[in-house]
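Here is the structure we will look at, set down as structure tokens.
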Amino acid sequence: MQRSNGRGNHELRPVKITRKFTNIPEGSVLIEIGETRVLCTASIEEKVPHFQKGTGKGWVTAEYAMIPRATQTRTQREASKGKLTGRTMEIQRLIGRALRSVIDLKKLGERTIWLDCDVLQADGGTRTASITGAYVAMMDAVQFLLEKKLIKANPVLDSLAAVSVGKVLGTGVLDLEYEEDSQAEVDMNIVMTGSGKFVEIQGTAEEVPFDREDLNNFLELAEKGIRSLMDVQKSALETNT
Amino acid sequence: MQRSNGRGNHELRPVKITRKFTNIPEGSVLIEIGETRVLCTASIEEKVPHFQKGTGKGWVTAEYAMIPRATQTRTQREASKGKLTGRTMEIQRLIGRALRSVIDLKKLGERTIWLDCDVLQADGGTRTASITGAYVAMMDAVQFLLEKKLIKANPVLDSLAAVSVGKVLGTGVLDLEYEEDSQAEVDMNIVMTGSGKFVEIQGTAEEVPFDREDLNNFLELAEKGIRSLMDVQKSALETNT
Amino acid sequence: MQRSNGRGNHELRPVKITRKFTNIPEGSVLIEIGETRVLCTASIEEKVPHFQKGTGKGWVTAEYAMIPRATQTRTQREASKGKLTGRTMEIQRLIGRALRSVIDLKKLGERTIWLDCDVLQADGGTRTASITGAYVAMMDAVQFLLEKKLIKANPVLDSLAAVSVGKVLGTGVLDLEYEEDSQAEVDMNIVMTGSGKFVEIQGTAEEVPFDREDLNNFLELAEKGIRSLMDVQKSALETNT
Amino acid sequence: MQRSNGRGNHELRPVKITRKFTNIPEGSVLIEIGETRVLCTASIEEKVPHFQKGTGKGWVTAEYAMIPRATQTRTQREASKGKLTGRTMEIQRLIGRALRSVIDLKKLGERTIWLDCDVLQADGGTRTASITGAYVAMMDAVQFLLEKKLIKANPVLDSLAAVSVGKVLGTGVLDLEYEEDSQAEVDMNIVMTGSGKFVEIQGTAEEVPFDREDLNNFLELAEKGIRSLMDVQKSALETNT
Amino acid sequence: MQRSNGRGNHELRPVKITRKFTNIPEGSVLIEIGETRVLCTASIEEKVPHFQKGTGKGWVTAEYAMIPRATQTRTQREASKGKLTGRTMEIQRLIGRALRSVIDLKKLGERTIWLDCDVLQADGGTRTASITGAYVAMMDAVQFLLEKKLIKANPVLDSLAAVSVGKVLGTGVLDLEYEEDSQAEVDMNIVMTGSGKFVEIQGTAEEVPFDREDLNNFLELAEKGIRSLMDVQKSALETNT
Amino acid sequence: MQRSNGRGNHELRPVKITRKFTNIPEGSVLIEIGETRVLCTASIEEKVPHFQKGTGKGWVTAEYAMIPRATQTRTQREASKGKLTGRTMEIQRLIGRALRSVIDLKKLGERTIWLDCDVLQADGGTRTASITGAYVAMMDAVQFLLEKKLIKANPVLDSLAAVSVGKVLGTGVLDLEYEEDSQAEVDMNIVMTGSGKFVEIQGTAEEVPFDREDLNNFLELAEKGIRSLMDVQKSALETNT
């Protein structure tokens, strides 16, 4: 299989993470993976949803949207349609769940971190890019809380990143572009922690079911890709801004 | 870990599939898995969604709902709220995708099979029970099409069933009840074909991330459970109604 | 006029009432009238709508829905459309009003009984079957309250059932099937108490207006039908479950 | 029972019908019954709903609304809430059904008459006033069609009016004001044709069920009231405007 | 340019203001400007929106709607569509803002005056007629508050009226009818106080941009028109009702 | 009055226009005015709204949104609320109307240019920045059409830019920041063409009405500001990208 820009099957596209992309939010990260670009902001709100009230625990939640022309043909705005699509709901639930898995809500205290992932350009992998970028934005928001002495201890338990893998024309590949994704036989999104454990595995056979051997191959590709993404996260977080 | 009714960790709850539960639909299946009960109907409509028009291909799609008192405390009706929850959307997308994976849409011709999964009582595993039951309802609808000579060849490529697995109190278990599900560390839904391949793997670490060994354990539990479910499907389909 | 199964104009279809059809709700009744089947559940909620707060009085309310393939051709789900039709609103308002007419809300105390009527199969008379079945479900919920000593005295003032009557091909008939209903000249729904009084009379001339003589005939048919329905209710309630 | 302005139990409030209240619609009628005032407009649209297309038949339909301060305390606008209440749907379905009962849709031809009933002030009986007023507006719209030679024959089969009756403090009364309506034991709306037949009977026991004798009394009160309303309709229609 | 009824370019259509058009609201004004007729009611509510709570300040807000057949062809009801159009939102925001500019919210106290502007017939200039009429309705509501001694001092700071001006076929004209409005090159709405100052200027070049000289001409036309409208307001308010 | 960064009352904040900010759309412009940043994309769609079909004319329309954390405190997403606010509708109608005023829809042919203005950070003047940026994005889309030979002649009639002016603490100022805007006595948005004519004037007295002298002062400030903005537009359009 021949990939664009001579990329190998086990290679990520170029990844770039820019912190403080905008100045107002507590965390504001532009993540670029190839042509995919997602603006992830983290906002602290000093209250929690009703189901968490009085528990002493905080909350982390995510919202996801695409600007209409993030895609090749313009997509109608969900605000104009008056409702979210199933795809959007599925993605924002995934992002929120993933981020909550690496934070101690007790240590966060009764406040919410909102992670807004707005896709400025979409070329495949927007949900995994959102998770990878939102982690960095959340880290900046947590840093803000620590500096303002609003929390005493860092509630983040582990680092977190996500990547897509799949099977295209019979071959396992890492980090699918839109073109590859639309012809993939299997499409899988994997979220892992810094300690190398799984937080989410979501694999779908679009047309051809897959077997255990395929699965093992996908997991290896994903693990390597996530390692590389974590290196970029780490060096972004070490940079002074 | 002690399970209700002395069930082993690798055992399914009692499974019962009743065909022709109601008389109007082309397929009408009540599936009971322990206390979970889902009515799955299959309806044939002689048209396809706009994106499929003129392609010669058919469509298979699913909708999922719970009656308000399927659950321990009454859940507000989505029709009264005026919108579907993210959970419902996620589930009905999953059911539709799973069923489409074992049907040749070309052979189905330009018509739609609607699979409506209405949960009458919910005690965990409603989405996987829906897939397992909807497969039987779809088979009856396909039989109807064959008998009416509306299609020439059977478009169903393989059988299909689904089950949940998870980790509760550190132990891998098959087919979680609601009580177990609400305290599970890991929750995974697996959809497989009769030929033993994966169609969907959706695993979520609710609090504790999981490793490769856990995953392998989950997949083995699931495989055995799905084999048993397929036996029940088969014997239901062989019964005259 | 020739009716299906040789039924006389003044005869009901076969009626069957099954209590505890599902196990979770305080009341759960499957009512079958010919091919019409409605699952009526009663759920107790320990709060009342805002207009009843602080009055010491309870509330009884109903919701009504059909599963999509209750009907000959699949009906779109109201939850998917995002709103209730006028027909649904009209029916659920009628059911709630009817049931409230035979309960002393003061004796019920500040709690709500929700009556959910979910039509599994529709062959005419679903709204009257819902009332007749919901009465039995409400009785079970009241029994639950008495047994748990949440209320001291039985708040139910009288029994209640409902039936449809109409004029088809110039003849007055009791308990219309869908086929009859769709060609009826007059369609009337009547709700009566055990003491033989009217709670609701809703008569509509679909094409040909009716006179006093017709009306008297309809009321006599209805009265006899409702007596029979009350016998079935009574014997269902006397059965141990 | 003492009624306001010394009105007898069998007497209507003062009734006034003003045609051409506004100039744009094909029919525009202000009906005043005591303090209740409804503006009924009739609009002709040269198309029919999809279910009537190609049948050669027309359609008559109604919409009902109240301005926010038609009532003693301001009612929130349904357009602001984003949905119609059950009460509004029930009323507009009733008005449309009633008017359709006296028109030959075949003679009307494939066009729609919209009857918009906007309540400017509400003091009880708005739905029956709407029917009585809408009949006059519809007559003007039909006259318009005849004059423009868009139809050859008058499609109106009979005249039509409606009134409320009820039982207040144990006494049967005609044409209830808001104050009476809110304390009525029984509330009944009756729609009749000029030939003295019933089109709709909708009776509800708010608290105390009623018997056959009550019903007969209600029907007699209604019949007299409707006769008087038809006199006012007739003289309004005979006046040159 | 030839205007209907021989009206000069700088002349208003006939203006008529009727107070107490309906009896229930604290203020109820029918304003007629040519064929345009708007019913403006003022309703006092003893609470304020959440953003004003505890400030000691009141609120004035407006809602605007047209009955469906206010227009030449019937316009679908916004309540039936389930949402307000952008035009309606824009207009009701304008009316509310304009009225708030002449009232001291501190003196009004923590209560709301709702101004509902319901267009019964539309022939151009409905938003400016709404402002001019709503001012009179608000004055009656304020008078009610003074008489009931709910407020001590009159909170109204100045009088207020509004008019449209525009350029039609190259000529500046005052108070455009619908026919003129639909072919106007420039359309401008101006709201002024009794002391001759501007509260709102909203000018839009529909096709041909305008220059400073045009603008000066528009403002002079508007000023004269508003003076005349204020005379009608004043004499309406001086009339005993 | 002391402005931030020592800015004079007649001075704009630093303005920067970046073309091809994203790569997919036909036009993609990031406009930064001080801390305000708006991403304006232009998308060509080869169809027109129904009211324009068959006229041979095209259409230009705009949508406007803010990402949730464009503002100091997070604003709820309109897509989550399920409807657009009045403010959003007002702004997107203004942007569309402004851009249509400088394009010959006949020359554009039956196609639509969508202008999506997504605010990434908001510090006052987002609607005027959107117009100024959308003009540049529209120019790139027109250039695309010319290069692809989809149109023969340039349909753009004139250049276009917009700016806000206002009165803060009694002084007229150009290009208000959020902080100034929130305390302004008068707030005015002005849209002008390259030939120095007005397309829109929208002035609102927030608390203190303004007079002719104020207005003249505002218009002069605006004119100078718009000249400067047009210089930036021009130099951005001359740059090769």
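Per-chain numbering from 1; labels A, B, C, D, E and F assigned in written order.
Here, a residue touches a chain if its C-beta (ideal position, glycine included) is under 8 Å from a C-beta of that chain, and two chains touch if they have at least 3 such contacts.
Small disclaimer: the values here were computed from a predicted structure and weren't measured.
Any chain bridging chain A and chain D, meaning touching each of them, is missing here; the list is empty.
Where the sister copies chain A and chain F meet, the same residue numbers recur on both sides for over half of the interface positions.
Mean C-alpha positions place chain B and chain E at a centre distance of 59 Å. In whole angstrom, the spacing between the mean C-alpha positions of chain C and chain E is 51.
Separating the CA-averaged centres of chain B and chain C is a span of 32 Å. Multi-chain contact residues, meaning those touching two or more other chains, occur in chain E at positions 82-84. Read around the assembly ring beginning with chain E and moving next to chain F, the chains appear as E, F, A, B, C, D. If you check the complex, the residues on chain B that touch chain C are 22-25, 28, 35, 37, 39, 41, 43, 45, 63, 65, 67-72, 74, 77-80, 82-84, 88, 114, 116, 118, 120-121. Listing the residues of chain D that touch chain C in their complex gives 83-87, 89-90, 92-93, 97, 101, 158, 188, 192-193, 195-207, 209-212, 215, 219.
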